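Each of the two complexes below includes chain A, the first together with chain B, the second together with chain C.
Now for the complex of A and B:
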């Protein structure tokens, strides 16, 4: 088998599993794992937005929760306060996150390394505290619950998200679209420019790439993805809360991305999946399972800085026949 | 008006404690080039150790000596086990210290418990200050913080080890070539950083609560002091910590404390954007 075949088969298996999960998971484990899997898919988008910035342009953001939170609040406030219907609320949330990404990014991507990490935390903290104190709009720490309007309603026919099947496939569709978009961008000339900037920004500038604009577009795309994740999570949980904007949520996303493997498209799903399954399995048995997460993070950083996905890619490249069309770094 | 004075004074006391903790953060950043997300938890470990010392011996004063020593040992151990192996991947150090932060918080929750505790101040007397009963302990806490900061600066400028630390920070390669054991200096620096945060914890424990999440609130404040004072500018860090806490204290007397926090964070982003070496850059060097 060549490396590309392995990657194609892997992707196909992932898609098949995702599409059949509502029928397969209740047979083998329990039907509540379908909900867990939708949660994994949503959170993996947040990890993917970290991965897009760190894995492809080399900027470590510790503030992606800001865009997640804005996507979430956009939906919740749109429905609860402005009486928007389903799609306008969805778009409002995503637009809010993307708009904020444009503004925050325009300032933040002027900085790199530690400074970039710090300023992204600071931005997310500013809005976290704002959301906490602006209680009449955001509900503060208590959160803002709402009831979701139907996705479409034509005459008597209504598609509502309270139906588990509808909810699952709506989430799969949206998450899938985001991954398709990311894959499209990563394999485009812009994606190549991302990697060039990551590897050496001075040389990238010397060959005529606009480093600032490239970093900004990655930041805006990451903000958009995180915003979609937040909006989906608002529909999933039917509420929004300021606590999802705290830097610990951003930190968790970074952990998922790092353990899954940065710089690979599906690494974030792997990392998010592993850690959320670990949480679900262990938290009821052992109250302090987070100790294990902390150790796993440190061990990964020391021994496998490219994460589980990176180890897999390395193994594939070692044992599979290289294919002629195999491109470095793309999966 | 009385309230303003008391809150302003509280701000200065708190600012001095923060300065002590933030100095540790600043030397770790300046020397090891590491953003230490776990630094707030070092402080938290200090408060919990102080509580443990009080519980076992019944004497709080012992904590002032014992806890920094334990902190120094823990710091050296962590540097050896976690920081040294990732020395070459600076960006990942943030992630590793985040993992460290999870471990510290969770082990404290597992042993000490999740419920916050209050410690009675070892000096319980109060005195009348502009019509308000003010605790002597807070004045004492400020004095301890000032003393520790002075000792630290004296150590940095007057001893051989301190000079080595400054040399390694200035140019690690030349320092190594001159025979300075740079690796050991990194370890000592990290250990001193931990010890200072832990001492800050001992000093602050009777003023605040002992809680496994205490570090989460303190960390952003320490970062603000370090950034606004200038990364690696130690005198600037102290000045910024005291100034910020004082201003926040004053603002708290007439507005929601969250607004004060948001204001400081906005100031911090402005400093990062336009004066990345801190607002005191040029004044000291």
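Now for the complex of A and C:
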């Protein structure tokens, strides 16, 4: 099998598993794992937004929770305060997150490395504290619960998210669309420009690439993806809370992305999946399970800097026949 | 190609705090020639390249390239004016293959802000990349990751990256520095070949090479132009001899 075939088969298996999960998972484990899997898919988008920045354009953001939080609040505020219906609320959340990414990005991507990381933390902290204190809009500490309007309602026909199947497949569809979009961008000239900037920004500018605009595009796309994740999470939990904007959440997404493998499209799903399953299984047994997570991160960074996804790609490249139009290890 | 000078530099200075790296450089270079800039270490040669390409901003003075004022423009804008350069410390895109390196450089002319196309279908840039591989003798290495190349091949690839942007002027900063005799000879031949259709300014410490290939030599010392002329004239210039050629073995 060539590397391309293996990657295709891998992607296909992931898609098949995802589509059959509501029926297959309950056969083996408790049916609440279907919900956990939806949660993994949503959070993987947050990790994917970190990965897009860190893995592809070389910017380490500790502030992606800001965009997640804005997506979430956009939906909750839109429904609870402005009486928006489902799709307008969804779009409002995503637009808020994306708009903020344009503003924050315009400032942040002038910087790189630790300066960039610091400014992203600062941005998310500003809005975290704003959300905490602006009680009449955000609900502050208590969060903002709401009841979700129907996804579509034509005559008697209604699709509501309270139906577990509808909810699951709505999430799968949206998450899938985001990965399709990212895959498209990564394989476009812009995606190649991302990698070019990550590799050597001085040289990238010298061959005529607008490094600033390229970084900003990645930042806005990452903000959009994180915004979709936040909006989905709001629908999933039927509420929004400032605690999801805390930089802790951003940090967790960085960990997921690193363990899963930065610079690979599906690495974030792997990392998020592994660590959320670990959390579900261990947190009830052992309070200090985060120690294990810490060790796992250190081991990954030292021995497999490209994460579990990177190890997979490396193994495939080692043992499979190279395909004629070989992909660079980005799938 | 008559009339408009290739590069017109008027009173360009660059200060780093109290240190004057460039102190009122005046220079006018004609098109159609292979120019060389020489001078002792610290003369300001690389700083001069840095201000022309926008890597450093000028402290004063104007720079015109083929009649366009390029002073204070961003690095990528200057690249689009047709100025390309290589760096003294060789730099390419390490994790990408040779062909991908050249592809992105060529694609920079077509535009990279497109997400509607798969990059592998951008064939114009791909053809350009292959043509440059061919021109520089890198075809057998096209699928190698750039980080695995030998030093001499990285230097060639760097020249390739510059060429892929269709430059009108190519600035080479010590292109053969650190090369063995065989590699040097090969690279010099390539540079001479390129100079037939592209204007070149080369900074080089290897005086033998400079005198062999340059049509015109500019000597810099202490941040300004000391002398300019044909190789024979420079060789006979008394000032230059004292400032530079006098202590040849200092290299």
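We adopt the following convention: the second predicted complex is superposed on the first by the 331 of 331 C-alpha atoms of A that agree within 3 Å, B and C clash if a C-alpha of one lies under 4 Å from a C-alpha of the other, contacts with A are read in each partner's own complex, and residues count from 1 in each chain.
Rule of thumb we're sticking to: contacts are C-beta pairs under 8 Å (C-beta built on N, C-alpha and C of every residue); 3 or more make two chains touch, one makes a residue touch a chain.
Predicted, not measured: the structure shown is a model, and the values here were computed from it.
So, does A:248 touch the first partner chain B, the second partner chain C, both, or neither?
first
If you stack the two complexes on chain A, which partner ends up touching A:187: first (chain B), second (chain C), both, or neither?
second
Which chain, chain B or chain C, is in touch with more residues of chain A?
B
Tell me the contact category for A:117 with respect to chain B and chain C: first, second, both or neither.
Touch status of A:117: first partner only.
Tell me the contact category for A:132 with respect to chain B and chain C: first, second, both or neither.
first
Scan A:208 for contacts with chain B and chain C and give back first, second, both or neither.
So A:208 only meets chain C here.
So in the superposed three-chain picture, is A:301 touching just chain B, just chain C, both, or none of them (first/second/both/neither)?
first
Can you list the residues of chain A that touch chain B in one structure and chain C in the other?
none
Give every residue of chain A touching chain C within the complex, in rising order.
Against chain C, the touching part of chain A is residues 184-185, 187-193, 195-196, 199-200, 202-211, 213-214, 217, 325-326, 328.
Considering the complex alone, what residue numbers of chain A touch chain B?
Listed in rising order, the residues of chain A that touch chain B are 54, 58, 60, 62, 107, 110-111, 113-115, 117-119, 121-123, 125-126, 129-130, 132-133, 248, 251, 254-255, 258, 287-288, 290-291, 293-298, 301-302, 305.
Where on chain B is chain A touching in the complex?
Interface residues on the chain B side: 29, 33, 35, 37, 82, 85-86, 89-92, 94-96, 98-103, 105-107, 109-110, 216, 220, 223, 227, 256, 258-259, 261-262, 265-266, 268-269, 272-273, 276.
If you look only at chain C, which of its residues touch chain A in the complex?
Those residues of chain C that touch chain A are 53, 55, 74-76, 79-80, 84-85, 87, 91-97, 100, 103-105, 107-120, 122, 143, 161-162, 164-165.
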